[in-house]
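Okay, structure first, notes after.
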C-alpha cells in the first residue's frame, strides 16, 4: 500500500543522514528515470518504466512529475550529465535502472543531499539500492516446465543472454525448480553473449531445440527466442515482461519484474520523511509470473500455484541445503539456507545445470 | 582535302589563373590529317578536350558541318563522331583488351560473348597491323601495347573525327609508320584526323596541315609542304637558342666496368619469362643504348637493375659488388639512379609540391635530414638551385608537381637524380612525350653526366636518338639480348634486323 | 535564361574554412527544427536547452570528459589515414589498452605513483598496438584488407573484455560488470581546480607531437609519400611494409591511450563495453577534422558536447532517437557543405537551357587534389 | 551429427546469410560503381521499421516490401546526392547515414515496438524439392525472401561478369573518366547503383523484421550492417564469394552455440568470438597475396568523380 497524506503528516521529524531528505508532499515528488535503452524494448527498461508509472499512479503522483531519459550509455559523462540535468529540472528522486550507473551516481550523490538516488542493484554508498528476489518466481517456472516435460522425458533448456550474476540467478533458480519437481532434471544452457542480439538469441534457441529440448527458460529481451520455439513446436517461459503476444503458441507464461511496490515504498518513505533504507529488497508480488496460458495443463497450473503459495508462506526455500555446485563443491549444508547476499551475487551454477561455460 | 567539317572559333579556356587556351581558332577538313604541335603545356590537350566535351570552354564556339554546336559532354562528342585517344590512357586495367574495346563500341548487345569479342579484336588488330592479345588484361600490357588498344578502340568505333594525343610517343618508328598509314587510309575514306605530336619529321611526312600552339595561342598554321624544320622549330620554341646534339664521338670511354649483368633472368607481371640469360657490361662514362620494340623486356630489365623486380637467376654486379640481393634502398645508396617510364606516378609524387619531390630519394640522408627531422630550408635551397640550373618552369616550388608540364616534371626528376651523384643512370624512354626543347635539355643532361664519368643505360625506341647519344647499343627482342654493337660500327639496318629477332653473334666489347 | 554554374575555388581562406562548417551546422539545425516542429516540439526550447547545457560550466567539463576518449580514437584514426591505413578497430585497441592498463593498476606490484603511471601508460600503448599489429602484419605481408581485419578484431577484443568484466575481474561483492577502482594514489590529478583532468594535457601534447611529426620528420614525410603514391615510395627505396606496420601500430597505440585516459584520469576502472563505439565516432571525427591532429581535438570536444547535449534535448520530451537524428543530420550537412568550400556558385546569363543535373560541376580550376 | 541437426544448422545458416546478403550484394554493386556506404546499418534499420509499420497497419506483405524498397531507394538518393553530386567524403557520409537512420527508425518505430504484426514471410516448402533428404528441408523449405535470393545470386553474377551493363559497372569503379569519355553518364550510373544498393540493403532490414523474426525493436539489427560491409571486402566484391562468406559466418556462429553446449572448460565468449576469428583467418587465406595476386578493390572506390580534376 501507498502512504496517504495523513501518513506524510504523521511522519517523524526529518532526521539527519544521507538517505533522509525531510518530508515532502507526495505531489512534490518529481522523478527522473535514467534508462540505458529505449522504453519500448520489450524487456528490462519497459519493465522498470511500467513499475515507475504504476507506483506513481498508486501514490497519486501526477504523471507530469516523471521525466525519462533513454539511451544513456554507461559512461561517466553521460550518466552524470543526465542526473544533473534531471536535478536541474527539479527532480528529487533519480532512478538509475542500469547496474552500470551505480558508480557514477554514487560519485555525485554527495552534492545533492536532498535528492534520493534509487539505483538498481546491490548496496552502494550514497545511493538507495533496490533489488528483487527474482529467484522465487524462476523456481516456480522451472518446476512447471519440468512437470510439463516429464511425460516426454526431455531435458530442459535455458537460453541466456550473458554470463552474468542476474542471469545466473535466473538459470540456477529455474534449475532448482526443475529439480524440485524431479530429482533427475537437468538444464542445458546456451549463451548469446549479448544483452540484445536477434541472431544469437535465435541461434541459441535453435541449438537447444536441436539438442532435443522442448521446454526452455530464458533470460533475454527480443522475441526471437519465443518465435523460434513457436516455429519448432517448442515452448518457453517469457522473461522481463509478458511475452505472450510475441508467440502465443510457444509462451507458457512469463516471468515479469514488478517494481511498482518497491517504488511505492521508496516514494512513501520519501514523502513521509522516513529514513530511506540502503536496500529495498522484495520478492513475492514483485517478481511474479503472469497467468499460465492454456498451453499449461490444468493440474500443472494448480501445482504451480500451490508451490508459489508455499514459497510465499516460507514453507519452501529455494536455496536450501543440501546444495552443491556443478563441480560438486558444497554451497549450502543440509538444513541451512543461503543468505540473500550470496544469492544476489551468485557466481556458481547449481549441480543440475549443464553449462559448459561455467568458470 | 574535302569540305570544312569542323571549326573552332576563338576558344578560350582557363583553369583558375592558368590560361590554357586563348582565342584559339582551328579549321578541320574531311580527308586531312591535321597536326598540332607545341611545347609541353602549350594547351594542345586542353583544346582537344574542349572538342570532346570534357572541358567546357569559357569563350568561343564550335561549328560542326556549318552548324553551331555546344558540346556539353563526352557523350555528345562521341555521338557526333568525335573520338579521341587521350594522352593519359583511358583504359580499364582490370578488364581485358577485348572488353575495353567493346566498352567503347556502339554495340549495345546485352550479353557479352568473350570469344566473339576477342575474335573481333583479332580481326581488327590484324587489319590495322596493331597486334595485341584480346584476352589479356590491360594491366598486364606495356604502355606501348596499351596505346595500341586505344587506337583499336577508336578504329573499331569508327569515328568521323579522330583525335590522337601524342600517339607516336610510345610507338616504335616502324609502328608509328604503320599507324600513320592506317590514319591516312581513314583520311582517304573521308574522315578528319587530328594528331598531336612533338616529332617534326613525322609531322612533316604525314600531315596535310600543321598548327603550332604556343602559350595557349595559335602561333602558326601552315600546309605541310610549306613546313621546314627551321620554321617549325621557331614556332615551337621561339627564338630561343636551339642546338642540335652532335653525335657522340667514338672513344674516350673508360675500361672501368660499372655494371655487369650475368646470365640474368626475370619474370614479367604475368609471371612469364621476360628476361632470358642477359649478360652485358656497362662502363664508366659510357652511354649504353637498349634498342627494341616496346614490351620486349626493357621495363623488366630496368626494374631488375634498380631492384624493383627480383631476378630469378643470374646476378647484377655494380662496381665489382654483387647487388642482386640488395634492396632498392641499398642500390640507391650504391649509386644506381633510375628514371622510370612512368615518371609522374613512380618517379614523382604528383600531389606533393616541388621541394617535397626534390627530397624523394634522399629525404633521410645527411643532405636533408638531421636526427630524423627533415630540414625543408635545405630542400628549398636545392629546389631553387634545380630551377635555376635546369630552367625548370613551374608555378612555384610550393605547388603540386602535377600542375607542371610533362617536360618540366621530367627536368625535375632528372635534376634530382643527377644531384645524387650516381655512378649509373638507368633512363627509360626519358624524352617520351616531351617537346623538342625539353627533350633536348634532357638529352644534354644525360650527355653531360656521361662526360663526367657516369655510366648511362638509355632505353629508347628511337634509333636516331640512340645513334646520336650512345657509345654502344644492345638490342632486346623477346627478352633476349640479340647482340651488342658499337654505334660507329653498325647501322639502322642491322639494328632494325636485330630488333625483329635476327641474332647477330659479333661481339662488341669496347 | 540563367545558368547556375559551380566554379572551383583556387584557394580557400581560413575564415571560409572555419565559417563554412558553422553555417552548415546551423542549416542542419534549421532542418531538424522544422522536423521537430512537424512532430510537435518547440525547436527553440529544444535548442535552448542544448545550448544551455553546453555553455554551463558543468556541461563544458562533461563535454571534455565525454570528448577525451573520442580525441584519442580520433587521433588514432587520423594517424592511420595519413597513410591510407583505414583503422576502424580503435574500439578494440582502446579496449585492449584499458585491459592491460587496469591489470597493472590493480594486480601489478605496489609502487610510487609516477613509475606506476608510466608503466600503465606504456601498457595502454602496448595493448592498443598489439591488437592493431594483429591486423598490421597480414596487411603488410600479404596485403589483406586492414579495414575488415581491424573491424573483426573489435568484436573479438570486446568479447574478451566482457568476459573479464563479467567474469574473473569483476569487483567483489558488486553487481556491476566492472573492475574495482584503482588505488587513489594512481589517479591523475585535475588541472588546477578546473575540474578537468590532466589527461587533456596528454591529449594536447600528443596532438601537437603528431602535427610536428607529420610536418617535420622523415617518417612523417615517408607516410605522406606512401599515402599519395605507393609505387613512388617503393621506387624511392622506402620500406612500405615496415611503414604499414609502424603506422598501424602507432595508430593502435594512440587508441590504447583512450584506455589509459579512462583508467588513469576518468573512471579509474574498466567496465564492460567500455569503448561504447568511440572508435567508430573517431572515424567521423578524424575525417571532419581533415586528419589534422589539432583540429581533431576540437572536433572531439564538439562530439563530446553533442553527446552531452543529446541528454539535454530529452529533457524537453524529445525522444532520444531524435537527438541521434540531429547528430546524423549535422554530420551530413557539414560534409555536404564542404562542397561549397571547394566550389563557388556563379549565376550566368545564357541563351541555352539548363544543363543536365548531373553535369553541374564542369567549371574547374587548378586542382589541388 | 544427426541429419536433423545438419538440416537445422544449414537452414539457420541460410536464413542468417540471406538477411545480410541483400545488403552485401547491394553494396557490392554500389562499391563496384565506386561509392562506399559504411552506414548500411542505418539503411537496414529504416527498411526493417518501414516494412514492419506497413505490416502492422496495412496487413499487406507485398505492400510492405514495396515500401521497404522505396524507403531504401530514397535514402540511396540522398546518399548519392551527397557523395556523387556534392562529392562529399563517403566515410563520413556513411557514418552520418548510420546515425541518422538509427535515430529516425527508432523514432518512427516507437508506436509498433512490442506490437505483434502477425504477418511475416513464412516458410514455404517447395513441392518435390523439399523431399530431398537433408537438402530438401534445409534449402527448399524457406521463405520467399530466401527463394528470391536464390535467384538474385546467379542473376547478379551473370549481370556483373557476363553482360554489357555489368562490364560497364566493373569499369565504373575502376576508372570513371574512361567511361565518361566513351559517352556514358558516370553520374547517372552512380546514382542508379547507389540507389539500387540502398534499396537492397533496406530489404535486408525487412528480412530481419519480417522473416528472420517478426517484430520491431530499436536498433534490432545489432551490427548486421557492419557484417555486410565486411562481407563485401571479404568477398573481394564478388557476390558468389559473399554467399560463401555469409554462410560460413552463419554456420560457424550456429555451430559455435552447438559446441558451446557440449565442450566444457572454455568461456562462452570464446565460442561467440569464433565466427569473427574464422572470418579473419578465411580473409587472410582467400585474399592474401601469397601468389602475387592483384588487389580486387575497385580502384576508384571512394573517389568522387569530377571531370576537370586531374
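Just so it is clear, A, B, C and D label the chains in written order, and each chain counts residues from 1 on its own.
By definition in this document, contacts are C-beta pairs under 8 Å (C-beta built on N, C-alpha and C of every residue); 3 or more make two chains touch, one makes a residue touch a chain.
Since the structure is predicted, the reported quantities are computational estimates derived from the model, not experimental observations.
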By mean C-alpha position, what chain is farthest away from subunit B?
A
By count of C-beta pairs in contact, the leading pair of chains
C-D
So how far apart, in whole Å, are subunit B and subunit D when each is placed at the average of its C-alpha atoms?
45
Rounded Å distance between subunit A and subunit B, as computed from the means of their C-alpha atoms
77
Mind checking the centre-to-centre distance between subunit C and subunit D? Centres are C-alpha means, answer in whole Å.
27
Just how far, in Å, is the C-alpha centre of subunit C from the one of subunit A?
37
Set of subunit D residues in contact with two or more other chains
106, 110, 185, 218, 267, 269, 272, 307-308, 310
Junction residues of subunit A - those touching two or more other chains:
38, 163, 193, 359
Indicate the residues of subunit C shared as contacts by at least two other chains.
8, 159, 162-163, 167, 319-321, 324, 359, 362-364, 367, 369
Chain pairs that touch, as defined at the top of this document
A-C, A-D, B-C, B-D, C-D
The answer for subunit D against subunit B in the complex is residues 162-168, 170-171, 174-175, 177-185, 292, 294, 299, 307-308, 310
Touching residues on subunit B, where the partner in the complex is subunit C:
15-18, 55-56, 70, 72-73, 306, 308, 327-332, 338, 340, 342, 345-352, 356, 359-361, 363-364, 369, 372-374, 400, 402-403
The answer for subunit A against subunit C in the complex is residues 38, 67-78, 80-82, 84-86, 89, 99-100, 102-104, 121-122, 162-166, 193, 341, 344-345, 359
Quick one: which bits of subunit C touch subunit D in the complex? Just the residue numbers, please.
8, 39, 138, 141-145, 147-149, 151-153, 155-156, 159-160, 162-163, 167, 280, 283-284, 287-288, 319-329, 331-332, 335-336, 338-339, 342, 357-364, 367, 369
Spell out the part of subunit A that touches subunit D in their complex, as residue ranges.
37-38, 40-42, 46, 163, 188-194, 196-200, 202-204, 206-211, 221-224, 227, 231, 245-246, 354, 356-359
